[in-house]
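Working notes, beginning with the structure itself.
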Amino acid sequence: MNPLYLLRRHWVWLAILVIMLAAPFLFYDWSRGRHSGFALTLMSEMALMAVFALSYNMLMGQAGLLSFGHAILFGIGAYFTAHTLNWVKANDIMWLPAELIPLAGGVGGLCCGIVAGYVATQQRSTAFAMITLGLGELFAAAALMFMTFFGGEGGITTNRVIHSSIFGVAYSSAWQVYCLLIAWSMFAAILMYLLTQTPLGRIANATRDNYERTQFVGYNPRVVRYWQFILAGFFAGIAGALYTLVYEIVTFDTLAAVKSANALLAAFIGGGGGFFGPILGAVVVVGLQSGVSLFTSAWLLYLGVLFIVMVMYAPGGLIGIIGLHAPIARMGRLGELMVPYLRALVPTVVGGAGFVAVVELATHRTIGAAQGKKLSLFAMPVDSSSLWPWAIAVVLAVAGALWLRAEGRQFRLRWNALIEDAKARGIGV
Amino acid sequence: MRFGRTIISAVAAGFVAVAALAAQAQAQPTIKIAYTDPLSGPFAQTGDSNLKQMQYVIDYINAKGGALGRKFELVPFDNKSQPSDALIALKNATDQNMPFIMQCSGSNIAAALIEGVNKHNDRNPDNRIIYLNCGAVATELTNEQCSFWHFRFDLNVAQKAEVMVKALPKSTTKVYLLNQDYLFGQSVQRDVKKFLAKNRPDIQVVGDELIPLGKVQDFSPYITKIKASGAQALLTANWGPDMNLLIKAGIESGIDLAYYTFYAHLTGGATAIGPGGEGKVRSVMSFGENVAPAIGNAEAEAFTKGFRAKHNFDFAGAVYRTIFEHVAAAINKAGSVDPTKIAFAMEDQKMKDFLGYDTWMRKDDHQIMSAYYVGVFKKGVKYDAEGTGLGWEVAATILEPDVVQPTTCKMKRPRS
Amino acid sequence: MSDAAIQLTDVRKSFGRTEIIRGVNLTIPKGQRHAIIGPNGAGKTTLFNLISGRFPISSGTITVNGRNTAGLTPPQINHLGLSRSFQVTSIFPRMTVFENIRCGLLWSRGYKYSFWNLLGSQRALNEASDALLERLNLHSRRNRPAGLLSYAEQRALEIGITIAGGANVILLDEPTAGMSHSETEYAQHLIRTVSEGKTLLMVEHDMSVVFGLADVITVLVYGEVIASDAPANIRSNRAVQQAYLGEEAA
Amino acid sequence: MEVFVVSLLNGLVYGMLLFMLASGLTLIFSMMGVLNFAHASVYMLGAYFAYTISLYLGFWPALILAPILCGLLGAAIEMYGLRQVHRHGHIPELLFTFGLALIIEKVVQMTWGMVAVPYRIPDGLDFSLFTIYGTQFPAYRAFMLLISALMFAAIWLGLTRTRIGLIIQASLTHPDMVGALGHNVPRVFTIVFAAGTALAGLAGVIGGNYRVTEPGMAFSMGPIVFVVVVFGGLGSLTGCFIASIIMGLIQTFAVVLDYSLADLLELVGIVVTKATPGAEFLTVSLPRIGALLPFILLVLILVLRPRGLMGTRDT
C-alpha cells in the first residue's frame, strides 16, 4: 500500500495525533520556557475522557445498552493501577516497564467487567440501565466503606515515577506523562475502532438494531452483551489507569455516578452513531466543565441548556451534524451554505450574548456580588444593580432569538433545496 | 429539518466559552491565593459561604496594608467536589505562579492536594506552592500524610473529638455514637471512643452506629434505636442532610436527648434544625458570633458585625482571619513571597487571634493550635443564626494549650 | 425418523387459559417444500414461534433434524440448522444491506463471538455475502442502511438474512405479505431458487405462491391440523373448503 | 415489641413518602417510557413553591397551589420540549430531563439562595398526636400518611373510574394500542406528564418541611425513586405502592437488626476474626448497609425478574 493511500484512508487518526501533539504548544509559556500545567492536565483529562467515552459508546452507541454505572469499570481500573504502581515502587520491580502500567488498569477493568457484567448483562434495555444504576451506587458506597482496597475517603495515593521505563523516561513532568497518554489513548482508540470491525462488533450492532433477529441468526444476545461489556471494561480500565497516571491519586469519586454521567454526556453530545463522536464529545464536555467553570459558576446551567438544545435539535450529536453535510460536500456545494451560515451566525451571536448576559447578571445579583466578585461582561465592567445592563441584555436575547427564527427559516429552505438536489443526483443521504 | 438551529445551538455553546473568557480579571501585582471548593452543584453552598467570608477578611487585611505592601487577591476555582478538578485548579495556580492554594471542604480533596503539592514542589523547585487547609480535618493529614507544604488551620478530628468529650456534662453517663461510614466518620468514631475512655471512663457507650454517606432518607428508625438504648447524649460528626435529618427526626419524636455535633453551626444547620432544637443541640466550633460579646471584645464584635451589615448573614469565618494574619506575618517575616521561605517562616509562628487568644502553628506537623468553642443552640442570644431567632451561645471555651495532642508526623523539610 | 427435518408430536401451547395450538402432529421430511395455510388466528405464526424456540411449548415434543428442541434457546435451535424469517420485517435497520447479510453468515462460518478477526480481511466471507446480494438482486443497494430500503427490498433482504447462514431447514413467515403482483412473482422465484435442496416450511396467504411452490400443504384451523396433503388433494379437500369457504362466506 | 411497633410506623411513613414521589414517576415512566431525571427536581420545586406561597398565603393554599404550578410546568415541559424529543428515542429523552434537572437546580440556587430555607411545618399540625412507648408520634406524620393515602385513592379512582383514566390505564400496559384506537396520544401524554409532575410537586409540599428544603434535596432523593418504580414494576400502581412500603420497612428494620455475615457464619460454626480473609466485608453489619439495601434488591429483582415486582411488561 502506498503512503498516500494510507493518508487518505486514515487521515482522521493522523489529524487527531497532530492536534494532540501540537495543542499544548498553543499554551506554551515562552517567557518562562515551560508548558502550561493547566493546559496539559486539561488535555490529558480530555484524552482519558475520550477513551472512557469511547468505551462507554461500545455499550451505548454500538450495542444499544444505556449504562448508568460505567464509572465502576473506570474506577476499579484506576485503583488497580494505583495498587500496581505502589507495588512496583515498593518492591523495585524492574521487569514491568512504566509504559505498560496502564495495562494493569485494563486488567482491573476487565475483571470488574467480568463480575459486574455477568450480573448486568442478564438483561437488556431499561432493566440493564437500572441494574447498572444499582451497581454503580453499590460500588460507590463500598468504596467509601472498605478501606483496605479503596483507601477510604483519602483514596490511594501513588507516584508515577518508577524508573523502570524502557526509554529511560522518569515521567515526572506533565509533558512526559502527556506523551505517554497520547500513545495509550491513541492505541486504545485504534483498538476500539478495530473492534467495531470484528464479528463481535458487528453482532453488537445487530443486537442494538434488532435484538430478537440476532437470536435467529445464531447469536445469543446475552453472550454478545457480556463480551461487549467485558471488553468495554478493559478500555474503561485503561482510561482509569491514565487517570491514575495524571493525578496520582484515586478516590471514590472515580467510580461515582458523576463520572458515569460524564461518559454518557460525552458520548451523547459527540454523537454515539459514529465512531469518532465520543472523542469530540469528551473534548466539549471537559472543556465546558474545566474551562468554562473557571469563568462562571453558572456553567452547569449552560451545560443543561446545551443538552436540551442538542437533544431537541441535534439528537445525532456533533458528529451527526457534521455527517449531515456529507452529501452536500460530496456534491461540492458546501460553499453555498457559507452565506446562510454567516447570516445565521450574527443573530446567534446577538441572542447568545444576550442570554449569557442575562444569566451572568442574574448569577451575579444572587450569588456573585456577595462573594465580592466584580462582574465584567465581554471585557466591560458592568454594574448588575442598575437597570441598563439588564434591559440591554434582555433586548439582545429576545431580538436575537426572533431574528434567528426568521433566519432559520431561510436557512432551512436553502438547506432543503440542497438536500433535495443531492437526493435527485442519487447521492446517499 | 431543524438543521439551522442545530448548528446555531452548537455555535452558541462555544460562544459561552469565548464570552466568559473575555470576563477574565486583569493582572495586578497582588499576592494571589487560589481557592478551590465546590462552587456549583449540590454542595455549592459550602464554597459560596466560605468565599463570602474570605473575601470580607481579605478586604480587611488589605485595608490594613496587606503584606510587604502588596494586597492579597483571592482567585476561586470550582472543583465540583472532585479531586481531579482540585488538581486541575492546582495546575492553574502553579501556572500563574500563585504562592498559595487554599481548600476547606473534603479530606478526599485535601489528600489529593497534599500529594499533588508535594509532587509538584519536588519536581518544580523553582515554582513551589503552599497548601493552606482551612477545614479538611482528617487526622491523617497532619500525621501519616503530613507534609511540609501543608498547613492546617482547623483542628483535626482527634482534637475536635477531645473538645467534644470535654464538653460533656458530669451528669451524662450514657452516650450514643452515630457517624457517616467513611474515613472521616470512622475516625471520629474511633477518636471519640478513645477520648471517652481516657477522660471520662464513667461514660458508657450504649450504641455505636455507622450509616452510608448521604443515603439515609429517614432517620426515625435510628432515633427509635437510640431511644431504646437509653442514651442521654448523641455524639455525631454527620454533616449536610445526614445531620439535619437526624436532628430533625430526633426533635420531632420528642425524645430527651442532647445532640453533640461538629457541624450544626455551619451554614444551613440552624435553618434546618429550627426552634425545636432550642437548648438541645450543641456544636463544636472554631468560632461563633457570640464569642466576642461574651468576652467583651468590642473590636472583634465590630468586625463580625460588619459582615452581618454587608451580607445580612452570619459570620463564622474567624479561621480565615487567623489564616491571613498568619500568612501576612510570615510573608513579612520572610521578606518575600517565595513559598519555601514563607513556609519556614510560618513554622512555630505564634500569634494572638483577633479575639486575643493564642494560636500556634506547630512546627512538628503544621497543625494549628487555637482556641475552640462549644456552642449551644439557644433563644435570646445577641446574634442569632440565619435569622431563626436562635443562635449559638458559648457553652465552653477550650484554650490553645488544651487542644495540643501528640503527632506521629515525621516532617521532611526541603534543604533550601 | 432420521429423514424428518421437522417433527412435531402432539404439540400444545396455551397463553393463560387459551389454548392456541391444540395437539399438532406434523412431519416434514428433508428436502420438502411445505406450506401452512389457514384462516387468521389459526396459530400459524405461533407454530413458527414454537418451532424456532421463540416461545416454549406447553406440552409435546418438537425435533429439528432429529434433535429434540426442548429447553433450547433460539440461537441453539438455529445451530441445529434451522433459520426463520418474520411476518413483520425484521432486519437490522441501521446497518448496511451488506452488513445485514454478513451478520446472517457469521455464525455458520465459525466466527462466533470472535473479536480478533477483522471482517474487512475475511475474503471468503465477504465474497459469499456479495454473491448472495447478487442473487437477491440487492447488489446496487449494497452500502445503504437497510432501514432506507423499499418494502419489497426489505422483504428480500429478510429472506436473504434467513438463508445466508446456509441452514437446511428454512421457515418463512408470509414472505410475500404486502407485495405487489410483480414483486410477489419475483419473490416466489427467489424462494424457489434459494430453497433448492433444502427443507422449506412457510406460512403464506397468497394461494398462487402456496400452490406454485409447495410440495405439501398443511391446513391449520384453530390450532389443529385439519388436513396435510399434496396441493391437488388439498384443493379438493372438503374440510378445507368448509373451513375456508365457511369462514369467508360468513 | 416496642421497637417493632415504632419501627413499623416509621417504615410506613417513610414508605408513603416514597410512594408520593414514585407514583408520579410510575405514571410517566410506565406510559411514556421516559426516565425522568427531573422528577426529583420537580419535587424540590414543589417544596420551594410551597415555601414561597406559604409566606404570603399560608400552608393550606400552598398545598393546593404548588402542585398545580408544578403540573402546569410539567405540561409546558411536555408540550414544548419532550414531545419534540420523543421521536428521537429514550436516551435523548433521558438527557433532556437531565439537562432540565441541571437548569432547575441552578435556577433554584439563584432564586432562593444556596442555603436551606425555613420552610416549616404549619403550627396547626405541629403537635404530637400520641405517644407510643415514650416516643412521640407527630401529627404531621399522620397528616402525611393521610395525604398519601388520599393520593393513592384519588389516583386509583381516577384511573379506574374516569374515561381518561381508563385510556391511561390501557396505555400503561399497552402504550402502542392507544394511538391505534384513535385517541389523541400527545394529549394523553401531556396529561400524564402534568399529573406526574403535580404529584411530585405535592410530595415536595409535604416532604419539604418534613425534611429540609435546600438545593441539594433533589440530588439526594433522585436514585431511590427510580429504585422504587423499577422494583415495583412498570405499569403497576399497586406494585409501586407495595414497593414503596417494602423499601420503607426494609430500611427501617435493617437499622434495628444488628447482624452481619460474620454472625451468620458463626451460627454454622465459623468464627470470623480480623485475620479471616475478607473480614472487612464479612463484619459489615446490617444497619451499616441498611440504606443500600434498596439498590441490592433492585439488582436482584431485575436479574431474576426483569418486569419488577408486579410489572405488566418487561422493563
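For clarity, chains are labelled A, B, C and D in written order, and residue numbers in each chain start from 1.
Just so we're on the same page, contacts are C-beta pairs under 8 Å (C-beta built on N, C-alpha and C of every residue); 3 or more make two chains touch, one makes a residue touch a chain.
Not measured: the values here are computed from a predicted model.
A.B. asks: Treat touching chains as neighbours and tell me the shortest step distance from chain C to chain D.
C.D. replies: 2
A.B. asks: When the mean CA coordinate of each chain is compared with the mean CA coordinate of the whole protein, which chain is closest?
C.D. replies: Central by C-alpha mean position: chain A.
A.B. asks: Measuring centre to centre, with centres taken as mean CA positions, what chain is farthest from chain A?
C.D. replies: C
A.B. asks: In terms of C-beta pairs in contact, which of B-D and A-C ranks higher?
C.D. replies: When the contacts at B-D and A-C are counted, B-D has more.
A.B. asks: Where the CA atoms of chain A average out and where those of chain B average out, how many Å apart are those spots?
C.D. replies: Using C-alpha averages as centres, the distance is 34 Å.
A.B. asks: Take the average of all CA coordinates in chain A, do the same for chain C, and state the distance between these two points in whole angstrom.
C.D. replies: So the centre of chain A lies 44 Å away from the centre of chain C.
A.B. asks: Averaging over Cα atoms per chain, report the distance between chain B and chain C in Å.
C.D. replies: 71
A.B. asks: In chain D, what residues contact two or more other chains?
C.D. replies: 105-106, 109, 114, 288-289, 292
A.B. asks: Would you mind listing the residues of chain B that make contact with two or more other chains?
C.D. replies: Correct list: 40-41, 44, 48, 181, 212, 215.
A.B. asks: Could you tell me which residues belong to chain C and also touch two or more other chains?
C.D. replies: none
A.B. asks: Work through the pairs of chains, note which ones touch, and then classify the graph as line, ring, star, complete or other.
C.D. replies: Chain contacts: none of line, ring, star or complete; other.
A.B. asks: Considering every pair of chains, which are in touch?
C.D. replies: By the stated definition, chains touch in these pairs: A-B, A-C, A-D, B-D.
A.B. asks: For the complex, give me every residue of chain B touching chain D.
C.D. replies: So the residues of chain B in touch with chain D come to 40-45, 48-49, 181, 209-212, 214-218, 220-225, 227-228, 240-241, 244-245, 248, 252-255, 267-268, 271-272, 274, 386-388.
A.B. asks: Would you tell me which residues of chain C are touching chain A in their complex?
C.D. replies: Counting only chain C, the residues touching chain A are 52, 54, 73-75, 78-79, 83-84, 86, 90-95, 99, 102-104, 106-108, 111-120, 143-144, 161-162, 164-165.
A.B. asks: Considering the complex alone, what residue numbers of chain A touch chain B?
C.D. replies: Touching chain B from chain A are residues 29, 34, 36-42, 45, 137, 141, 144-145, 147, 152-155, 157, 159, 172-174, 243, 246-249, 251-253, 258, 284, 287-300, 302, 306, 309-310, 312-314, 318, 321, 324, 340-341, 344-345, 348-349, 351-353, 355-356, 360, 367, 370-372, 374-379, 404, 407-409, 411-412, 415-416, 419.
A.B. asks: Along chain D, where are the residues that touch chain A in the complex?
C.D. replies: 33, 35, 81, 84-85, 88-96, 98-103, 105-107, 109-111, 113-114, 223, 226-227, 230, 280-281, 284, 288-289, 292, 295-296, 298-299, 302-303, 306, 314-315
A.B. asks: Would you pull the chain A residues touching chain D in the complex into a rising list?
C.D. replies: Residue list for chain A touching chain D: 60, 66, 119, 122-123, 125-127, 129-131, 133-135, 137-138, 141, 145-148, 257, 261, 264-265, 268, 272, 298, 300-301, 303-308, 310-312, 315, 362-363, 366-367.
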